[in-house]
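Take a look at the structures listed below.
The two complexes that follow have subunit A in common; it is paired with subunit B in the first and with subunit C in the second.
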Partner chain A sequence: MMNKVFEQIEWSLLTPETTIIAGIVLLLLTDLVLPASISRRWFGFIGLASILGSLAFVVSQLPLKPAEILFGTYRLDPMSLVFKLLFLTATALILLVAMDRKKGDKTDRYIAEEYILMLSALLGAMFLASSVDVITLFIGLELLSISSYILVGMRKHERLSTEAGWKYVIYGGVSSAFFLYGYSFLYGLSGTTNLFTLGQSLAEVVQSTQSDLFIVASLCLMLVGFAFKISLAPFHMWAPDVYQGASSPVASFLAVVSKAAGILFLIRFLLIGMYPLLRSEVWGENIMWALAILAAVSMIVGNTVALRQQNVKRILAYSGIAQAGYLFIIFPSLQSNLIFVSVGFYLVVYMLMTIGAFAIVHVVSKDTGNEELTSFDGLVRRSPGLAIAMTLFLFSLAGIPLTAGFIGKVNLSLNTFASGQMWLLISTLLVTTVISYYYYFRIVQRMFVEKATSDQKVPISFFSALTILVVVLGTIGFGIMPDLLLSKLETVKWGYGLIPLEGIQQLKN
Partner chain B sequence: MMFTWAWVLPLFPLIAFVLLIALRDVIEKRLAVALSLIGIGVSFGFAVYLAWIGVFQQSVIQTAKYQWFSIGGKPLYLDFMLEPLNIVMVFLVSLVSLLVQIYSMGYMKDDARIITFYAYLSLFTSSMLGLVISANLLQIYFFWELVGLCSFLLVGFWYFKPEAKEAAKKAFIVTRIGDIGLLIAIFMIFQKVGSFDLRVIQDAVGSGVLTGGALTTVAILIFVGAVGKSGQFPLHTWLPDAMEGPTPVSALIHAATMVAAGVYLVGNLFFLFAGSEVALTTVAYIGGFTALFAATIAVTQNDIKRVLAYSTVSQLGFMMLGMGVGSVYASSFHLLTHGFFKALLFLAAGAVIVALHHEQDIRKMGGLWKHSKWLSIPFLIGCLSIAGIPPFSGFFSKDEILYAIQLSGKKDLLVIALLTTFFTAFYMFRLFYLVFAKKSREKHEVHSIPWSMKVSLAVLAVCSIVGGFFSFPTTNLSAETITHITKLPGHAPLWLNGSAVGASLLGILLATFLYVWRQGSAEGLAKRLSWLYQVSYRKYWIDELYQVVFVSSLKVVAWFLNGFDRFVVGGIVRFVGWGTMSIGRLGSMMQNGQNQTYVLVSLIAFLILFVSLVFGRLIG
Partner chain C sequence: MEITGEFIAFFILSILAICGAVFMIFFTNVVHMGVSMAFTFLSIAGIYFLLNADFLAVIQIMVYTGAISILMLFGIMMTRHKETEEKLNRPIHYGLSIAGAGVLLVSLVLLSRGATFVSDAVDTKGYGIEKIGELFFGTYMIPFELASILLLVALIGSIIIAKKEGQE
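Let's look at the complex of A and B:
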């Protein structure tokens, strides 16, 4: 019986994930077999190869019809594929940066572990992207989270890093507990973990009992878990400490992949599982406002507290909190179909500029030994290319025209505008954006105005340079010709990610 | 006629910028300057050609548009327009930029970063040219921001001076406040009309899609943007500080680029203002107030560039006043002539500064008239022009504005305008006498000025003299035009001409009396009117006020939130931890007292969320 079931499953759908697993196994074995005296610096290429292989498989899956395997828990649909592309690209770029290491780095001993954990975190994110069942969604999320906990605490010799790892574990654990506790109510009501059936039975519950109290209550609890992952204020407090303690590539991984995964989880959960809520009046009356307030608080807290920071990674962490707020302004008006294009575009743009900024922080701090603002002093006279690239990323984060960040912000605001009366949010966005100029500018000013501490060029490896070049091109390219990406995102059939398989087949007939 | 090449106008300076930045370490200085000059020269060539066709032959110039990207399924175009107002702006911008670049060959020749300087100048020109030919609001906003960015780079060019650093930052941030207004206006227009295209928006205003309160709000928000860029009260504070940049940059910012953008924007979007009496009145009174206010400040300033800076603020207010009383023609005309004579004054002031070894305090100058006719005559021409003495160009354009005010019937504004004229003449001639008349108060060995500076000064001087005779394009070419620039009917009555010139002459006379005939009596007057003098000298304490109100309050918010994380929440934790020592002990073991704080914050936040949603549900 079991064998028959296994034969029926289309295992080929899992090729992207399998490639990553293969990469992990290969890394593990090589690390085990290789004598300790041999350098492991080239291990990054194994990781890179498996990511690129996986990327190729995902691309080859793009034209496939939506499908489900493993009893409806694993799903292949346009939404999951797009997010997997994002995760894979981001991790590939981050890996390239991570391979730029100092000579005699103390973490060289765990280099294999670092890459393995990065891959397993990626694997978690990919599983999450393909899941429509709360159990697999949660497992994907936890695989991602637990791997990141260790990644953050990887630099054992540094107190900040261990501390950050601990904080992250505790905070993450608490948030997961909130999420599960919240979900337990829903499970009690519906008796299912499948999102589609969850949505249906919740609708029935609401209809029969005329009360959505428990659903709202559990959503509250679960929001804590989501907001933690996305680092929305006031559930953001781990972010600055963790980003500061983690190495820059890991921090950018958290900022990009982890955040995007959280957003995808939230989208699927709200739009499939909580679907009856969306149509009820409680959405418009309460939940919409709760989400709007989360977005507003994030923008305000992120952008104002950043003003007082002296550490560039902390600044970027607070900026990331604010960016999550910008991204979130569209969530209160979830009904609209436009959100996917806007959110997708902004996520890509955010990925580019964040990876770029962290890559430069990595390269610079490797040279100066810290990430304080002062280590950027006079960078333009040491490495003008780096300084100009950093300026570009910061301008993009600030949303200044000619960068992709501007188009992303405009797109988000316009679509929020089009779908609801969220004036307050838009105003908050614009006002806090102006505040944000101030701290982004402080970094730019440091690079261009202050005196350099040395006149040596900042050493940079070929791969970091490549990553920075790629993201620079992306940031400018999508800023000037956003249609390159926007038109692609508009043709994606996002809706397929939100309806059951039978529904899609009916649609097609 | 069809001119599909509009986009080449900003392209050449842009290419020059890219080349200069890319090759700045390899290329020779002279070659770099030549490249930059070629870039702007080509644009200027096009501008002359366009001016010939569009203004003198008065034919309609069609342009092409290209799809850029789409938002929510609506296509967005890269779109250009070359109507008379645009062409005049293109002409002014490229001419002044060209002359400033020629001038800088002499002024900046010893600067080690001259290539970077030329690169920024090219980018500045390029973005301004892009701005004045854009026919799409989002595109306008793009270039608008880019212009702001370039002025930041150029004002802060001498970054080793702390004042320059501060000034650059101020210029960027203060104008950004105005930009929020503009951006909100753009969003609102898009929401109402569904397009960024100026022609579509104009139709929407015409057909009543955008009317009433919404139109007023949009118009005023756009004006807020213009207030920031054009240094109008209350966002004028950045403009005088922007003097810290190299003088050619000041000339560029004050005459043709940055600040002209605000006035141009109001003129270009005048159809929005025309439909709202409230918006027009706001523009008129803010403009009028700024004109007089800045003129009174200029009277007591002692830095040669600061006097000129406040005079720019004042003159821009004058232009806004003209817009507010409904005459795009008069204001645009004044923008053009002002571009000539203000560039002239700044470049001449720069030459004075060079000649006197970087002395900027006018109290220490004097007697330059004898030393250099190349300097003093152009400066005098500039002064006569800005004071509005016929037949210099300023007279004609100022006259048009006064006439427009008179036609609108607003007597109070007319008084303000005449008073401004009086003060303008007074402070300009105070400046002139202090710098050029009598003997030097301190011994300076006067430098000779290089030919490149002389050429620019000469060209601008000629423009300032004859600029007024070119009547600005009068258009009723086709119904499709956005900027309905029509000349006012008839001419200003003689009494108006007379009182304007009279006010100027009175100002000049007073200056002559105080600074030439009765030297020293000015100080006496200042002493007698000491509180008035202080108010003006301290610039009405606006900067100090802003420091207290905005900067400090923002710092307080950040301080508060930071402190909240640390003390308030920390305090609660300590209070709770009083009972639960174990948590505290665990915390000290981990060498941080923070993580539990973080979780506690989430818990509190969760409780607030939970209570407000769930109990709100229960009660509701």
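Let's look at the complex of A and C:
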């Protein structure tokens, strides 16, 4: 009987993930077979090929028929598809930047492992995107986290990298423990790991008994774990140290893919598992405020602490904390459906500008040997193209009109405003945005006003240049014509990601 | 409450587990710390036995009590710099963490007393190793396979981190 069930499963749904696994295995074996004398710099192409293959499979799954394997431990729906596209594109761009390496770089020893770990982290994020069962979600999250711990700590010749790796492992382990501890209470209440079943049994609990506060307590414990992943203050302490210690491509991976994965997990968890609470009083009295405080504190802490930093990567880390706070202002008012469009748009835009900024930091620091603010001195006289691109990314991060970041921010604020409650959060966003201009402009001022330390052009590889070009086009393009992306995102049936398969079939009939 | 053999066993085991954890924090000698942690692991394995989770209990003894404790003692022996750790004197950190943990404990106890658990108590007799196997290779096959990749990644990572850098 079991065999029959086994054959009925549509394993073909898993092709995007298996392509990535194939890439990992291929890299491992090639590294093993190849003599040590042969350079492994071209290994990035294997990784890139598997990502592009996976992208092709994801696209070939369009037009989408939502489906599940094995009771929701694997699930394909519009929401997972969009996020998978985001993860794959981001990793492909980051991989291109990571292939730009200095001659005789000490990290070349572990070059194969570096690409393998990037792929495995991507794999974790992809599984996280396509599941509604807490066990798969958690293992996906851990695969993503453990790969990133190693990626951060693998530059062993640098003290900062080792320190960052340690900090990341310990903070990450504690936050996972908080998450599991919180879920253990919910498991005790519901006896299930499937988010839909969890939602149903919580609905019964909420109606019949006074267990609301118990659920809120477990959710708060889990929020610690989520907030850590998304690097929301006050659980952000790891981010600046880790970004500083990691190589720039890895830092941008953490800032983009890891954060987006955490946000998706949180959306699914709140809107499927915690669905019964959304309509209850508990939401308005407790959870909404917890989320609002997380958003406000992140915006304030991120933007003010960044003022004092001298290291560009640390500035970008604090800016990332603030960006997570901006994105989070929409969470307290989760009711409206528009949130997915603005969250999706903001994530795409955030991906573009963050990858761009980190790519330029990577290129510049490869030349100057450090990431201090001073290494950007007079960049415009050395490489005007890079300086202008960096200015564009910083303007976009700051949210200045005609850049994509501006549209993203306006979109988020408008949709939050439409739900009417959180005017305090919107005013925090406005005030902290103005504060943030200071530190973004400080970098710009360094590039344009200060004297250059050398007059040589900053060397840049073809692939980094390609990435920066793509990202620049995206940042300007979506800034001037946001409808290109917004109209696409509006046609996505986000709601299908939040209801069981039977519900989708009923909706279609 | 009726006092049964199970209750007494649970009582003793949980006291041992808690004492082990508390001593682990307050001992200053690293070897003592390792041993008291092994006590905690072992008593938790005992609690698993009481719950009819034989497989989990055996795994707990093998992995935690056996492997991890021994590994830790080996690690201490090989890297020993100072046998006793100097006591950190940070009264504010101390006070804050004790207060935080206390608030968490009290609120969790109060909340879980107030909550009613809808699901009935389950008979745990049928949950042996066969059931676990069925779940691993049935419903939870995808996370199970994913865990194998997780282990592969952990293996690669530990090799990178632990490998001695040779001269080149």
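To be clear about the criterion, the second predicted complex is superposed on the first by the 507 of 509 C-alpha atoms of A that agree within 3 Å, B and C clash if a C-alpha of one lies under 4 Å from a C-alpha of the other, contacts with A are read in each partner's own complex, and residues count from 1 in each chain.
Going forward, contacts are C-beta pairs under 8 Å (C-beta built on N, C-alpha and C of every residue); 3 or more make two chains touch, one makes a residue touch a chain.
Keep in mind that what you see is a predicted model, and the values were worked out from it rather than measured.
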First, second, both or neither for A:L402, with subunit B first and subunit C second: first
Touching partner for A:S12 - first (subunit B), second (subunit C), both, neither: neither
First (subunit B), second (subunit C), both or neither touched by A:A217: both
Chain touching more of subunit A, residue-wise (subunit B, subunit C): B
Contacts of A:I135 with subunit B and subunit C, given as first, second, both or neither: second
Contacts of A:I21 with subunit B and subunit C, given as first, second, both or neither: second
Partner chain(s) touched by A:F228 [first = subunit B, second = subunit C, both, neither]: first
Subunit A positions touched by subunit B in one structure and by subunit C in the second: 213, 217
Complex contact set, residues of subunit B against subunit A: 67-73, 138, 141-146, 149, 156, 159-160, 165, 169, 172-173, 176-177, 179-180, 183-184, 187, 190-191, 554-555, 557-559, 561-562, 565, 590-592, 594-595, 597-599, 601-602, 604-606, 609-610, 612-614, 616-618, 620
Subunit A residues within the subunit B interface of the complex: 159, 163, 166-167, 170-171, 174-175, 178, 212-213, 216-217, 219-221, 223-224, 228, 234-235, 237-238, 241, 282, 285-287, 290, 301, 304-305, 307-308, 338, 341, 400-402, 406-407, 410-411, 413-415, 417-418, 426-427, 430-431, 433-435, 437-438, 441, 445, 448-449, 481-483, 486-487, 490
Subunit C partner contacts - residues on subunit A that touch it in the complex: 2, 21, 24, 69-71, 73-74, 110, 113, 116-117, 120, 123-124, 127, 131, 133, 135-136, 139-140, 142-143, 146-147, 149-150, 153-154, 156-157, 165, 185, 188-191, 201, 204-205, 208-211, 213-214, 217
Complex contacts: residues of subunit C adjacent to subunit A: 107-108, 111-112, 114-119, 122, 138-143, 146-147, 149-150, 152-154, 156-157, 160-161, 165
